[in-house]
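The two complexes that follow have chain A in common; it is paired with chain B in the first and with chain C in the second.
After this line comes the complex of A and B, so read on.
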């Protein structure tokens, strides 16, 4: 396995504060898809939903396994794509109920 | 041909707990087959709340002893990570008189079994969760031993301990058929790529797909699957210690150690099936209920929503044990939305049944025959 050139202390996921060393440890243990790295480390589950760290994770997996980045399956992307306040969803419900949309 | 002593189908929390418990009792040739990756089924999608506060003696004991095991799981499994067990308690709310009366009985039962739960007044509930709007609350129950765990880490902890003890864990490996001998005993499993593993024992730990893995052996399990949706918010400063739960609303809401809130709500109109999509309707449902109960949460932002499946039985209790018509075919299925928290005991009990050891606890009433006999178990405290 070829380690990537980045130093182990470098932060891969800024939102969740996860280092290259942590990601590499998972890859060594056999968690070799972006989905697995995400689920087992939270890397990519932060505020930006992986926009910043997604490519860095792909590079780590590629460096360790020799797979080309384009051949690695992408992690599942879960909506909502922009963080929305709970109060706004509650308000939407209250408004549709007032219009006769019904609440159940 | 490859042979094994025991093949487990399913790499969720129950499959890996069974695998570990078999291996630690000396069973060496155990193979665990997982179609995708570990915890990719219900386990990785669940709320991962754990509570001792139940309404039947059996559930209280199963949950109590599972939580006692979770408390020292990092050490027991020599895990190099942390399962992140936060014991902030569960605050369960009563909004109807009948519910309140039931809660009084539950607490008496729980206390008689050494579970440190207690009844709380609305004022005390508010002291425990300061942002709670008490409104028409009658009272509640609180148990400080209950809490929340990281389900991925718990699965990983069991899986790595099992692997160290010699269990062969095969990810991305789907089982497609189960073969029986002339006498109807389990004989082999066939994988998607055609490989055959000969084995006298198969354990169905396939979570919401258990009925399909049942059909492979000609077993019609009395279970169905049902979608449950859930959301997580951005992490915010710690403000809520316990899980807050209301059976009347079908609602649960907790803050993880990581700071994010996780919440979900039952939908009585949810059809049966394997759909794991998500809806706008759910966001509005859960947001309007939770912000009525805890208005301070209006300001917290949702970052993700997803769904998973409950594997339901007619009495919302699991089915554990061997299927009498197919010797060697064991099931740990039908957890009906609370199978994460029972996994430590499920693993112990299944391992004992399979190896013919004296059981730590009598759970014979959870066998599949109870439905035909009409001996359903009445548990009053489920969401």
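After this line comes the complex of A and C, so read on.
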């Protein structure tokens, strides 16, 4: 086989197009939880909401720091579990108002 | 706001079984499924199942999906909501749903999360090239939509999914160049491994993918050997020509709604990753919430169906629907123990033990 000229890119987060090199650089800088990596790179904030990259980020942090995955604190999980069209929220609010209810 | 006694989230083998057993006790049930069909991943399982006859061994998964779906549709006590995704779970026992054209709330006295699992991705060079697929996606393409993913496939992972999907690829007329497996041993049943080996497919244990080759799409893969500490050994690279790299590298439980609900979670590698702590009734640390199927720990569909029955029965019992429930629960527990007996259940037994020692993670 022909040797590769430069090492090819490894994608960690497909939705936000974040590479392993970028994640590893953040970990080296001291961002050592999935939440920190997420806030500084948007890793896990895309269409799939981290369902693909969450485990990979945990593995990267574990490999770089020697911490076991079970000891790495997870980011907080909040609704909604998936992207929702704003129009649906507007519709829900209008329906609720029509029924005489408040925002909830 | 609509209300129901028991909400079941997910209409795969665990969710359908849970809905049926809960409704069988007389509970009012709503089953919420984001897909447009009942049956979950069972609908693409064209192979026959193992296990005992009580779990429909010898029957193809897709046939089991049909039977369960028919029973659910024919049950007046079960409200089926397809195309509906649960966006959130709130502590006043309210589920927030995205239905096809509106958002709505559903109040449920008990909720059973049977949300299944997601495929694991792998880190290797060019892992975003078109032609890199998950094995589940390949099964959906072939067995649901009748589309072949390519011509020549490198399978990554020699667990049961990797072995079975390799065989199904060959049935669809694809060539399987090889199966690589990072572990030193084949993880799946030897009867499946023997079947693909007899067809001439090499199974390379102790190997993984280094990188995909190809600019526009996959034209090949470079594999390399792993040492006993799972570190790649430079100089052992080999090129394999293929236009599909199919990843059968495991599943991880889909648990975000249970994280949201505040269920105590534990990281248990034998069960696929983070799972909610649960007792023998499959009740989580939040007493109104039950879990079943792969979301409680990745296992086979036969175990998911029995687990679903247990969760459905236990949830119904907790609401006073207790006629005959103890016998049914006892029977289901015996079946589950039988499924997990023997060497193939060793990993699950170890995982469940670790879960009970629990509190790893948080």
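One rule holds for everything that comes next: the second predicted complex is superposed on the first by the 93 of 104 C-alpha atoms of A that agree within 3 Å, B and C clash if a C-alpha of one lies under 4 Å from a C-alpha of the other, contacts with A are read in each partner's own complex, and residues count from 1 in each chain.
The criterion applied here is as follows: contacts are C-beta pairs under 8 Å (C-beta built on N, C-alpha and C of every residue); 3 or more make two chains touch, one makes a residue touch a chain.
What you see is a predicted model; the values in this text were computed from it and never measured.
A.B. asks: Do chain B and chain C fit side by side on chain A in the superposed arrangement, or is it a clash?
C.D. replies: fit
A.B. asks: First (chain B), second (chain C), both or neither: which does A:92 touch?
C.D. replies: both
A.B. asks: So, does A:52 touch the first partner chain B, the second partner chain C, both, or neither?
C.D. replies: After superposing on A, A:52 lies in contact with chain C but is clear of chain B.
A.B. asks: Of the two partner chains, chain B (first) and chain C (second), which one does A:73 touch, if any: first, second, both, or neither?
C.D. replies: second
A.B. asks: Please indicate which partner A:8 is in contact with in the superposed arrangement: first for chain B, second for chain C, both, or neither.
C.D. replies: Touch status of A:8: second partner only.
A.B. asks: Please work out whether A:21 is in contact with chain B alone, chain C alone, both, or neither, and reply first, second, both or neither.
C.D. replies: neither
A.B. asks: Give, as a whole number of angstrom, the minimum Cα separation of chain B and chain C in the superposed three-chain arrangement.
C.D. replies: 9
A.B. asks: I'd like to check the shared interface: which positions of chain A are touched by both chain B and chain C across the two complexes?
C.D. replies: Shared contact residues on chain A: 49, 78-80, 84, 88-89, 92.
A.B. asks: Taking the touch rule as given, give the residues of chain A at its contact with chain C in the complex, in rising order.
C.D. replies: Interface residues on the chain A side: 1, 4, 7-12, 14, 20, 49, 51-53, 55-56, 59-60, 69-71, 73-74, 76-82, 84, 88-89, 91-92, 95.
A.B. asks: List the residues on chain A that touch chain B in their complex, please.
C.D. replies: The contact residues of chain A facing chain B are 29-31, 33, 35-36, 39-40, 42, 45, 47, 49, 78-80, 83-90, 92-94, 96, 103-104.
A.B. asks: If you look only at chain C, which of its residues touch chain A in the complex?
C.D. replies: On the chain C side, the touching residues are 85-90, 96, 98, 101-104, 118, 120-121, 123-128, 211-212, 222, 237-239, 252, 254, 256-257, 259-260, 265-267, 269, 273-274, 360-362.
A.B. asks: Mind listing the chain B positions that touch chain A in their complex?
C.D. replies: So the residues of chain B in touch with chain A come to 37, 39-40, 44, 152-153, 156, 160, 171, 233-234, 258, 269, 278, 283-288, 290-292, 297-306.
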